[in-house]
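By letter and in written order, the chains are A, B, C and D; residue numbering begins at 1 in each of them.
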Amino acid sequence: MRKIKLPGLIKGLGVTFKTLVRTLTKGSHTVQYPRVKESPPPRARGVIALHEENCTACMLCARECPDWCIYIEGHKYKAPPRRPGGKPRKKNALDRFDIDFSLCMFCGICVDVCPFEALFWTPEYEYSELKIADLLHDKTLLSQWMETVPDFEDYEAGSEAKKLTVPR
Amino acid sequence: MIQLSSHEETTEEEIEIPKRDDIREDLISKLKDDLGESLVATEIIAEVDVWARVTKEAWLETAQILLTRYNMKYFNFLSAIDWLPSPFGRDMDAQVDQPEPVTPEEMTWGTTGGETRFQLLARVHDPENHLGISLKVDLEDTDLSIESWSSIYPGADWHEREVSEMFGITFLNHPNPVKLYLPGDFEGYPMRKDFALLARRIKPWPGIVDVEDMPGEESEEDEVDA
Amino acid sequence: MSDTADTKQMAYIAAQAADARVNLEIETEGMTLNIGPQHPATHGTLRIVVRLDGEQVISADPLMGYMHRGYEKLTEVRTYPQVTTLVNRIDWLGSFANEVPFILAAEQLMEVEAPPRAQWIRTALFEMSRIANVVLFLGDMGVQLGAVTPVFFAFRDREFILNQIEAVTGGRFHPNFDRIGGLKDDLPKGWIDETRGVLKRIRNFCDEIETLVVGNEIFQSRTRNIGVIPADIGLSYGLSGANIRSSGVDWDIRRDGGVGLVHNELDWKVWTHPDGDSFARFWVRLQEVRESCTMIEQILDGIPSGPVMAKVPRIIKVPAGEAYVETENPLGVMGYYVISKGDLTPFRVKIRSASFNNVSITPWLLKGVYVPDVISILASLYFILGDIDR
Amino acid sequence: MSVVLADLAYWQETTIRLLVGLIAVLLPAGTLVYLFLFKMMSFMQSRLGPMEAGPYGSLQLLAEVGKFLQKEDILPKAADRLIFKLAPFVVLISTFLLILVIPAGPDLWFIDVDTGIFLGLAVSSISVIGILMAGWASSSKYSLLGALRATGQLIAYELPMVLAVVGVIIQAGTLNVQEIVMAQATGEIFGFGGIGNPYVITQFVGFLIFLIAVQAELTQPPFDMPVAESELVTGYLTEYSGLRFLMFFIGEFATAAIFSALAATLFLGGWYVPGLEPTDNLFNVIGPIVLLGKMLLVAFFIFWFRFTYPRFREDQLQQLAWKVLIPLSLVNIVITGVLKVVF
């Protein structure tokens, strides 16, 4: 059958009408945000979580941060020796760990450079504030994000990367 | 297109031989004929790129020659380099507002060398044979002006305006020598190395703080347990 | 670009100029109109001061700098890994593609090469960022010409591509995923199959746009023979990407001498159009999205196994030297001229962004057109403000 | 309405007329905005549109009106204050005058004049003056350009619109709108009178021209150059905010509704549905609803075009009007006249 060549104007009307019908019958592509939430993929960089026990206040993240938005303070203390009779060990204690999310540009360098697995990304994104100063997340708040950190995903076939685990 | 000479064909260990790049060699040797004394220095990284440094007087002529004789119809970019080592370093330890500028190290130059603090850098390309060349020219501190390319490559117009406001280089015979990005009354040349990056000065580097002993405790051992 | 069209354009310009002269002689006073910096059509803060005679442009002078962020200066105080977080904000719609040439330039200086798997995934993400970028153009062009619907289609389908990019990199707009010597991470499980589904959607979107916009007679009458750029003039202004390919120049860095990406191992076609007008630019971009889908499909079939990261030192110091690497980014040729002095930071980075050159032709191009065509020509040149101002 | 109101005092009659007039303008306008601008447009773009205010977002309009009322009423410093303030009223007046001529039932009308359709088309042009006032008084270049475009456009498209209606007038043999409806109700097509004679069938070309002209008259895409957002910000509306902008907005959509109603009246048989006696008193009840339904049908097309097409350039628009539509409508008149004489 020979196809009749319709003017583009009329074909264009068809496209919008088809979409109209599709939206009416199959639903829209948008979601009603505060009621329905989409779940970002596990790798999504939403907010940074701190696993406080692992942090040694080594300052690497604060130094590598391109925006200078991580503030760390710590002090050294003597921990009791591992074996009885041994020398007391010297350890770093973390006094302050703040990330200023009003400055952060979510590059993830701090998470990458952390040698002790103390920083993690979580896909959590609902932490907007009315005052910009409230975006400075302190140690306690950053540790609370730890609950929302998802497990790392499996890798696609052919990968040689090693799957890491999230310390809980 | 690359014709290997007989000498290379007979050599056993071909990997050992530094790669030859006949197209670029050819271009340079032709340029030498065309420009003569004006071609100061050249450099080739085989199968990667080619550089040439010309004298200031030959700057306009070089563009004309490249466009007409070498089919370098495509204007890629034009910029400048300030070879002065930054007196501020990376500004990582900026604790005070106006620190003493660090004594600059000795000036060193990159590919094809150089003699002056400011160099102009331009690149043109042959879109048919896929061959590009980066050009450099020295600019004396006492006379930071040079002929404009915009009569040959109209696209150089904006690039030259940018360079002129960012580095303070004057382009002669430029059709519209006004600032491109900066407000008209802006003072100073932001891309010069001695122009301080204020964003890094107004705030101390958080990484400067180190974990220290509590006051009163002396440090006995150096190693720290993880 | 055929000769006849060229002469036509020249005759047109001459006629407009003559008209303008006549009008000036009878002392009609022109009007200066500020388009921007805040204007619905400039997607960003581009300001164009046009001198009008009626609705005809006598001269147009773009003023930029409202968004200049000084990236060239900032790179001088940032380490190489930190630079990628900056540069993916240059063209924020196709941001992964911004990282690639810089990383390739650094790799060239360090003489390391990413492992094959990393190169393939890099190419896939590179093409996906092209889709994410150009799909928005295809919708936006409609909105600039007054059709509201295509842009919503574009946002709708771009979302799927962004989701796929996010699933790999963790960032929708600013992936910061490319590393010197490879990639930050490998693909997550199931990604390849999902991406195949997404590509079907993109192809479907292209078909929709073809009927809704390209086939529309009003659209054609608004774009055909408008803003004609002859190939030679385009080249001398440094136009690149689809802008120059739509003037009939068969030149694509992905095919002709691109380094570090695997385009040459794929089976694809460089699209050109002889006309050089707004319609040609739109049409070429539409075909390129389809071509990108083809490329990604081939990549998904052929990703080799292996590591995604070569052995590079933990603290990256790039040996002294200079390198210029350019790639065929969504907006055109993007290159980084990196000068290293063997330090942690680059000594100087010249960012050759595509839009800067693409827009520099506007004073020439906009002479003698009508105000509505100013908008359609600007839209068809397709610039991103971040890419002009850097 | 004249019958219903016969034995009321003058002030009572006037109050009722005023209220009915307000409803007749605002209700269709609101329906159009909600049904087409909010919902149909959203669906055509794979989204849902406003959903929060009221069930399925149905009270969104009230929220919008509330929002506009709260906004600051900005008056540009250099503006011509009096004319700037007056302009929205002039546009609204044209809208309110236009509704007068459209009958909604055999006894439901505001005024019954013998030159009704002529009056309607004449008063519809008053809005141009309002737009020109707005553009001039804003002292903004965008506004001025928009207003001048609007003027040029409305003048160009007034003509094909009138000429398209002339066909109907010839066929009906009257300028009275009520009688045109009656003529459609009682007429017959080549001897077949089952569905009356809605002129959309015999005057199809006229209907098309009328629709296109209405589209341009309403400055809807593809003819929205006067407000072209991507070019002129919003044309003559650029400097308006708050209540004054709302009045323009109401004017725009109320006019869209009324022109759709006019098209429905002239070409689709108005308040009449086939199968019933046109003088039946029932039509005084269902007439308005039937008219609303037919109006929505016409408006659906107007808005469908609006959401699908890109806009013309100003010169292309003028060419379309003068070189295509006007000759076509003249030919239409000639053919209609000839056929009228023959049959």
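Throughout what follows, contacts are C-beta pairs under 8 Å (C-beta built on N, C-alpha and C of every residue); 3 or more make two chains touch, one makes a residue touch a chain.
Note that the coordinates shown come from a computational prediction; the quantities given were computed from them, not determined experimentally.
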* Which chain wins if you rank chains by how close their C-alpha centre is to the centre of all protein C-alpha atoms? -> C
* B-C compared against A-B, more contacting pairs -> B-C
* Structure fact -> Per the C-alpha means, the centres of chain B and chain D lie apart by a whole-Å value of 65
* Structure fact -> Taking each chain's centre as the mean of its CA atoms, chain B sits from chain C at a distance in Å of 24
* Structure fact -> For the pair chain A and chain B, the C-alpha centroid-to-centroid distance in angstrom is 38
* Using mean C-alpha positions as chain centres, tell me how far chain A is from chain D in Å, no decimals. => 53
* By residue number and range, which residues of chain C touch two or more other chains? -> 149, 153, 156, 212-213, 216, 218-219
* **Interface hub residues of chain B, defined as touching at least two other chains** => none
* Asked: If you look at chain D, which of its residues touch at least two other chains?
  -> 44-47, 307-309
* Structure fact -> Chain pairs that touch, by label, are A-B, A-C, A-D, B-C, C-D
* Structure fact -> Given the complex, residues on chain C that touch chain A span 78-79, 81-82, 84-86, 117, 149, 153, 156, 159, 163, 166-172, 174, 176, 184-192, 208, 211-220, 303-308
* Asked: Which bits of chain A are touching chain B when the two form their complex?
  -> 56-59, 62-63, 65, 68-79, 87, 89-92, 116
* Asked: Which chain B residues qualify as touching chain A in the complex?
  -> 203, 205-207, 209-214, 217, 219-221, 223-226
* Which chain C residues qualify as touching chain D in the complex? -> 31, 33-34, 39-41, 55, 142-149, 152-153, 156, 212-213, 216, 218-219, 221-222, 370-375, 379
* Within their complex, state which residues of chain B touch chain C. => 48-49, 51, 67, 73-77, 79, 81-82, 86, 90-91, 108, 110-111, 121, 123, 127-128, 130, 132, 134, 152-155, 157-159, 180-183, 190-191, 193, 195, 197, 199-200
